[in-house]
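By written order: A, B and C. Residues from 1 in each chain.
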Amino acid sequence: MNVIRDVWQSIVRRDPLSTDKGKSELVFLNLWLHIHPAKVKKENLKLKHTWYLGFITFFLFLILVTTGVALMCYYRPQSPQAYQDMKDLQFVVFLGRFLRNMHRWSAHGMVICVFLHMCRVFYTGSYKKPRQFNWVIGVFLFLLTLGLSFTGYLLPWDQLAYWAITVGTNIGSYAPVIGKQLRELLLGGHSVGESALLRFYVLHVAVLPSVMVLLTMVHFWRVRKDGGLSCPVWKLNQQKNGELVTIGASAETPSLSVATAAKDKTYGLMEVVTGKPIFETVTAEEEEDTVFSYPYAFFREAVALMATVTTVMALSLVWSAPLEELANPAKTPNPAKAPWYFLGLQELVSHSALLGGVVVPALAVLALMAIPYLDTNPSRRPADRKWAIRIFTIFVLINVILIIVGTFFRGPGWAMVPPWVHVTGAE
Amino acid sequence: MKRRSFISWGTAGLVALWSAIGVSLAAVVRFLTPSVFYEPPQAFKIGNPADFPFGPPTFLADEKIYVFRDREKGFAVASAVCTHLGCTVAYFTSDQRFHCPCHGSVFIADGSVQHGPAPRPLEWFEVTLARDGQLNVDKDKVVPPAYRLMV
Amino acid sequence: MERRTPQIFFALSLIALGLILAAVWQANTPYWKIYQRDFHKLEARSEPNALAKAAVLAAPPVIQQVLLTGLQRVDRCTTCHLGVEDPTMKNAPQPFRFHPGLGPHIPSKFGCTICHGGQGLATEKIDAHGNVPFWQTPLLPKDYIRASCGRCHKEGDVPGVPELMEGRRLFETQGCRGCHKLNGVGGSIGPDLTTEGASHRAPDWLERHFLAPNVVSAGSAMPNFHFTKEQARALTYYMLSLTSEEMGSYYASVRLIPSASYGRQLFVEKNCIACHNIGGVGSKSGLDLLGVTKRHSAGWLDEQLVNPALVYPGSSMPVYDLETNARKALVTYLASATAEDAQLMLAKAPKQLTPEDAAIEAGRQNFARFGCVGCHGLQLQGGVPNPNAQGGEVPSLLHASDDYTKDEVIAIIRNGKVPPTENSAKPAPPLYMPSWKAVLTEEDINRIADYLWSIQQKKESW
């Protein structure tokens, strides 16, 4: 009927999706989807290029926010009610155990995936000019992920939580000049207690997620404006020099190649200004390799989303997150270990708190951020970047080995005990 | 604006705005700094001297201190908090050492580090005799390891 | 590829739907619902008609929770243990069986874990019974559950748990306070026992420890008191009852059990027979109490105990500051008080002592109460091993006057004494005489010395 069609069309104002115009309008008329370009290069969507790690990380974040808000209905950031609420989630709340597991496994997954995403971006050289600053924002997002994980770790208020955060904040206090005051601000006191629990809760549910969302928005925006998804490494040899041109491109970029306007494409004229070129250009050949975002990109993203969700759900059904005994400031468990993603750090710290806990990690983070600026090699081909790839791989391996040592090879008293040796009665 | 002044209103406005932002930031930092602590107090009484045995130290869990009582020299109070990363150390009578379970630091009986990643010796706190005869410990006052209170 | 991607998406969405349904199904079928269903079936069997049966069977499954703010806990045991207050379930299989002998301790007021231990927050069997990692108060074994009565009922007797009174008596008379503090009074050679019940030590460990301290706790200086198995159990019960439960005002007000035997104990303690008589036996200056509960209501008698001058202005009956249940106990006793019982009381009353004898008696009581007998022995014979002390053991006090003057002994009690070491290369002796000046008054110390000297004299006169 006309009424239904009119109502529908007042909400959904685009042309039908069967038309090219409709497919384009789905993207650029829609608030939630218009970060996408209307058309993408088919090759850039290939699984083996990015493994969709960025998307997976983002979807994990969405799962975390959703399950997090749900959990907030049953959690009080006070001692000792916090621990009782964890027990309630486990035993009494409908789907409580499931939701808590989803939250925890998504958190671990997000830490892993953000790290893998960083590795992928490095190995495909996608941080190079003009995407350098986006890499830096990515490093900040990585640190935020670790920060969210750290602040969330305290909230169950069990022995694991209490002592992991005691150790973690003490590491921070070794920072020169501001270390001790920063620790007091974070804890709201001299030691981990009620004030610390409340402040970590505020950081975990309000402050850090907001900053994360804001930086993520900038990160996505920059991907778009820096030229969209990067070109896969195996296509680099065939690439001509007709690169995309972005806002603020320098004078050294090659001049625009000229193509005739296609009949079924509309071009918008924003403004005529003098100076550098302000809109993207695509060569005629590349035009042939592009496909509409809908359905190509969208269904791939949807598969990535569903794969992430089903994996997290399956894990949450069979594998429960741990909960130790109520936090006891008088009793330190032996050994007292940080969460696995900080065990590499704890391993370093066990050798030297200042050097291992503050200096080396700080230098590592600064070095990470500096990569796009230190690496002046404009080529993204692996053959041209052998040393960069080797150095980065060594960095990754060191991290992984430190974490493995911290997890499996350290026993009571932080003594080196191989996992195949059984240690009895550690108390 | 007909007359060119030394500083334009716009510049002055910006200076005022940045000053306001600076003051706000400092105020925020002060806001976040706690004025009272929901924690056990730093200075407290631990009881009568007669309540403490000689020999191995008495561990007070809530205050995180070890109270030593020597027959010849008197009382000394050591911190039970490892100087590395804050775990609670345990005193073992078998070897008369403090052992930290977190990263294996070992302190000998006077608090100095035998081995392990701890950067500093265990702290010793001032212990005095209060007017009512009880022992008074002040964790804000750190004393050298040789300090003793003779009762 | 473009037909396949939507197909994969569809397949994954179906899997997601399946997983959500699995999660919902898992959340919807906890084991306690099965228990509740079985219980309703049991109940339905005893229902008279089909309508009632159907109503019971259709009852929705619900978690039963008891919120006990006064006891600072939440108990959900009755989610499965549904027949606890139902006498018709006397022979039902567990977990539905009726709990006999609850008396006033109904779950809605007391929960279950305050007596039984366990994890009240849990709704799965194994977690609720508490034998899981990271839960430190599992269910108390059956043999020891009655010890929990002592967690609240710390004074007076506890009907049905003679072990508690016996344990308390042993503690006070065998000299435990000489080394162990309890509620602030005692020595500091051994650990403070004020909250021993909350130390999460297993009950059978405690019992074995009493029977052989050195074997169970390596290197301990605690002597072997050669307790019998029953005595060890009584002491274990007493230890298990020493928790520092924080209780709301309601629970604090009902701690004293107003039993007739406690009332009699109070009657003797307050020496009512000094003014009153029962059926003519006793003092004639006060009223005859025989059958007083038939003449006056319990409320009237209670008011009498609170404020004697209210009813009899000018009465010389002192005001005894007794709490509600203590007064109730007295009244309960008076209901059954007889002249024969009064006769027994008079017979047992301590004879008039001379001031010297009274001081010696007080000293003897102090000597036991503050635990001196723990090291120096019930007959002051000494003999408790003290490795590396000169003599190798705690000295006997029977010949103290040979080596010390009375004033020297008083100084030793006041200031303590460290035994001389045999071999300075070895560790110092674990046992020593503590200083008692912070615990005992000068008068108490003098009386102990009087008592000791009275023993010396007896020996000399042999």
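Methods note: a residue touches a chain if its C-beta (ideal position, glycine included) is under 8 Å from a C-beta of that chain, and two chains touch if they have at least 3 such contacts.
The structure displayed is predicted, hence computed values, not measured ones.
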item	value
Higher-contact pair (C-beta pairs counted), A-C versus B-C	A-C
Chain nearest the overall C-alpha centroid of the shown protein atoms	B
Rounded Å distance between subunit A and subunit B, as computed from the means of their C-alpha atoms	38
Whole-Å gap between the CA centroids of subunit A and subunit C	57
Centroid distance [mean C-alpha coordinates] between subunit C and subunit B, Å	39
Residues of subunit A touching subunit B in the complex	163, 166-167, 169-171, 181, 184-185, 188-191, 193-195, 329-336, 346, 349-354, 412-415
Touching residues on subunit B, where the partner in the complex is subunit A	29, 32-34, 37-39, 42, 61-62, 64, 84-88, 99-104, 117, 119
Subunit C residues within the subunit A interface of the complex	2, 5-6, 8-9, 12-13, 15-16, 19-20, 22-24, 26-28, 63, 65, 74, 76, 119, 121-124, 127, 133-136
Contacting residues of subunit C [partner subunit B, same complex]	181, 188-189, 416, 418, 427-428, 430, 432, 434-439
Touching residues on subunit B, where the partner in the complex is subunit C	48, 50-55, 58, 71, 133
